[in-house]
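Labels A, B, C and D are assigned to the chains in the order they are written; within every chain, residues are numbered from 1.
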Amino acid sequence: MIDKQCKSAAEAVEGIEDGAVILVGGFGQTGEPMDLLDAIAAKGLKDLTIVANGGGSGEHGIGRLLAGGCVRKLVCSFPRVPGSVAFEELYEQRAIELEIVPQGTIAERVRAGGAGIPAFYVPTGAGTELGEGKEHREFEGRAFVMEHAIKGDVAVIKAERADRWGNLSYRLSARNFNPVMAMGAELTIAQVEECVPLGGMDPETIVTPSIFVDRVVEIPDGVSNG
Amino acid sequence: MIDKQCKSAAEAVEGIEDGAVILVGGFGQTGEPMDLLDAIAAKGLKDLTIVANGGGSGEHGIGRLLAGGCVRKLVCSFPRVPGSVAFEELYEQRAIELEIVPQGTIAERVRAGGAGIPAFYVPTGAGTELGEGKEHREFEGRAFVMEHAIKGDVAVIKAERADRWGNLSYRLSARNFNPVMAMGAELTIAQVEECVPLGGMDPETIVTPSIFVDRVVEIPDGVSNG
Amino acid sequence: MADGLTRNQMAWRLGRDIAEGSYVNLGVGIPLLVLDHAPAGREIIFHSENGVLGMKPKDEADGIRPDDLTNAGKQPVSLVPGAAMFHHADSFIMIRGGHLDIAVLGAYQVAENGDLANWRLSGAPTAPAVGGAMDLAAGARNVWAICEHNGRDGAPKIVRECTLPLTGPRSVNRIYTDLAIIDVTPDGLVVREKIEDLSLEGLQARTAAPLSLANDWRPLEAPEL
Amino acid sequence: MADGLTRNQMAWRLGRDIAEGSYVNLGVGIPLLVLDHAPAGREIIFHSENGVLGMKPKDEADGIRPDDLTNAGKQPVSLVPGAAMFHHADSFIMIRGGHLDIAVLGAYQVAENGDLANWRLSGAPTAPAVGGAMDLAAGARNVWAICEHNGRDGAPKIVRECTLPLTGPRSVNRIYTDLAIIDVTPDGLVVREKIEDLSLEGLQARTAAPLSLANDWRPLEAPEL
């Protein structure tokens, strides 16, 4: 019997190693897999690369990984938000490498990583600082930038509901980057608010099919078992 | 008030011109927008390019467009199926141009057209006849083929349900190419089995958001109003 | 000096120009005020890059937890009937693929050729942060910039060439400020509306690129808000 | 000449080698027979490129109209609990992105280096048709070819080099035939199983590329089906 369910966040993040590239879902704190990230921080890992929309805020999640000195490089579109204290301190001390990527380009690079597409062209960033140093090419007279796929060793995401195969559905805008990150990594770990029996999810409304998910841990909102 | 609903298939296909590139949803006859295609055939258009998975079968849909001499070029992965008589006759007479594209590459080229991505690389077809003459490039020691976006003038698709804004949901494997084609054209026209009042579709389970849809016509299964 | 519009009035005025049925993305800052002042009774579909189509200002009675549904500025919003949810890659298909009718973006500078600078102040010690601005500038069919006509130090935001890092070249079609509505055209910047008691010369003095006045220009007006 | 397995027996035998929890695509033809003969009680998740994960043989009692749910061969199927539906672009993310554990494909020819030819007969007057075969050959983690050991004319399908147009270079890991199960390895073709009363020499005589016999080879067997 296939059972991807883990008993705790700590069990769910077993095996992640120093230097891993970790894709993280969420937009602001909405849909950020706080408990999984806290469990990774608790392992004291080093030299992680974090790929996410932002640089975290507060003392949990990405913020905790940053404050704990676990992160060598942050790939994101928007590192600065109110409360992104940990990131700002590291940035000021030049203690973190920062790669700024336009938001849509992050999403597409991760999708490409999951889709077997090593590179693609976008208009985004052409003629700007963020396009500098990248390969350019014209199509129909317009300038485009070549972007490379991002592949994660691990993706940590948050969903509303799962079954034991790892099918996932999300709640409202907490969906955001989560289904995208789920496709892009070797090992995808989801924290979910509720596990339901197999067959308890409508096949038509599953957002992330189980093929993209390796581990699931049920953590009802407001209950941390990290 | 936004109202994308048309009264008939004939009204829904108004304005399509000779030489148009038309993206067609469906896989086999499942999800093929028969009534819209028949309405296009009834207009007697010429020199159409049809982008679809297959070459149609029987006397309706793509089969009727082909038999009617409307099609100059067919871009597809699998033109030959039982009943694809119209296509086979044209092919034998060399009266149609055929571009064979691997199935996943069709889907991705159309998505790219809808996503503002002019070109991308895939491993599919590298080292085969279908890769010949295409630009190749190595990434991490493996050969990839550059594929270009396909943009449609028109997409004709079939869905199960719509509202007056054009939000769509599908039934089981009748989804197939339909949501992909919907994204890839200037003008997207959907035939649906049922129109429901605005607000009658769950925002979480809409598959094609209204932004991709321009016209909707309700044609209950088994009732043709083309 | 002539009194200009307030930020709310600027957002209100821009909202009047959005046609029914338009799909519109609102950037953070002044653009998001457009949501609060959209024309009543006109169906406009507002997009948020974090996976929302069909948002409206937060209605506390909707029963949705504030964290579960936010706009791009991470503020709680609600949904209109006909709304749809999707993930980030699909959201940027809409943006990059030219499916949005209008992106409303804030601006540090707009150049007379439509170049937009709105993401980074040169020499700022803080880390850069781009969000979805470059995707929107490159992808939307129309980009409308909305900003005060002049900075706090009086420096014009409408310039011959941007001195700040670009968000996108030749992106902006139209500029909404507290003093004027200005179209970016192949023939240069054309004033469509201006504060009535501000002369063209007075407006030009506060603008660092040449302006011409449309023959059919109208006074820029907005109600008290 | 030794009696080989029937097509159903070949599909049954292949099914025994699919580990629980595997995600498996079945090509049209013999591969689709694997669905009918999958090991009972083992959870294997079958993928169909037309947007289905979790299919099983058609159960007339499922209440689904046959046209609404088909496999890649356009035959009606049913869903298991845990199934999911998605569109074609997402389906080929699964295929091209290396998410499938196994693709089972028919074959006209397999070369000793794993080259696969299964989409086009040279010189055939009919139009070519590739479907999803090239995507599967390029993308799945493992490609298992299943085919009769020899064509109707007796010509070996396992060859040194394919003479037919390739579906994908170096794609196939393992070959299931009516006579043997053969691994494609860096050291050449290794026979894991063969019909017991067929000698290696007998098998080699029906194969156009050199074979070696694994030390731990076993007899190829299947029940009456």
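Throughout what follows, contacts are C-beta pairs under 8 Å (C-beta built on N, C-alpha and C of every residue); 3 or more make two chains touch, one makes a residue touch a chain.
What you are looking at is a predicted structure, and each value in this text was computed from that prediction instead of being measured.
Asker: I need the common contact partners of chain A and chain D, sorted by label.
Answerer: Joint contacts, listed by label: B.
Asker: What is the touch distance from chain B to chain C, in steps?
Answerer: Counted as steps through touching chains, the separation is 1.
Asker: How many angstrom lie between the CA centroids of chain A and chain B, rounded to a whole number?
Answerer: 33
Asker: From the mean C-alpha coordinate of chain A to that of chain C, what's the distance rounded to whole Å?
Answerer: So the centre of chain A lies 29 Å away from the centre of chain C.
Asker: Report, in whole Å, the distance between the mean C-alpha point of chain C and the mean C-alpha point of chain D.
Answerer: The mean C-alpha positions of chain C and chain D differ by 56 Å.
Asker: By residue number and range, which residues of chain C touch two or more other chains?
Answerer: Within chain C, residues 85-86, 92, 95-96, 138-139 contact more than one other chain.
Asker: Indicate the residues of chain B shared as contacts by at least two other chains.
Answerer: As it turns out, chain B has residues touching two or more other chains at 108, 111, 115-117, 122-123, 170-172, 203-204.
Asker: All pairs of touching chains?
Answerer: A-B, A-C, A-D, B-C, B-D
Asker: Which chain B residues qualify as touching chain A in the complex?
Answerer: Those residues of chain B that touch chain A are 108, 112, 115-123, 137, 139-140, 144, 148, 169-172, 202-205.
Asker: Could you list, by residue number, the parts of chain B that touch chain C in their complex?
Answerer: Against chain C, chain B makes touches at 1-2, 111, 113-117, 163-165, 167, 183, 198-199, 201, 203-204, 206, 209-212.
Asker: Which of the residues in chain A come into contact with chain C in the complex?
Answerer: 27-30, 53, 55, 77-81, 87-88, 91-92, 98, 100-108, 110-111, 122-130, 170-180, 207
Asker: Help me check something: in the complex, which residues belonging to chain D touch chain A?
Answerer: It comes out as residues 20-21, 23, 43, 45, 47, 53-54, 79, 81-86, 90, 92-100, 138-139.
Asker: Residue numbers of chain C touching chain A in their complex, please.
Answerer: Listed in rising order, the residues of chain C that touch chain A are 48-52, 64, 67-70, 74, 85-89, 91-92, 95-96, 120, 125-135, 138-139, 165-169.
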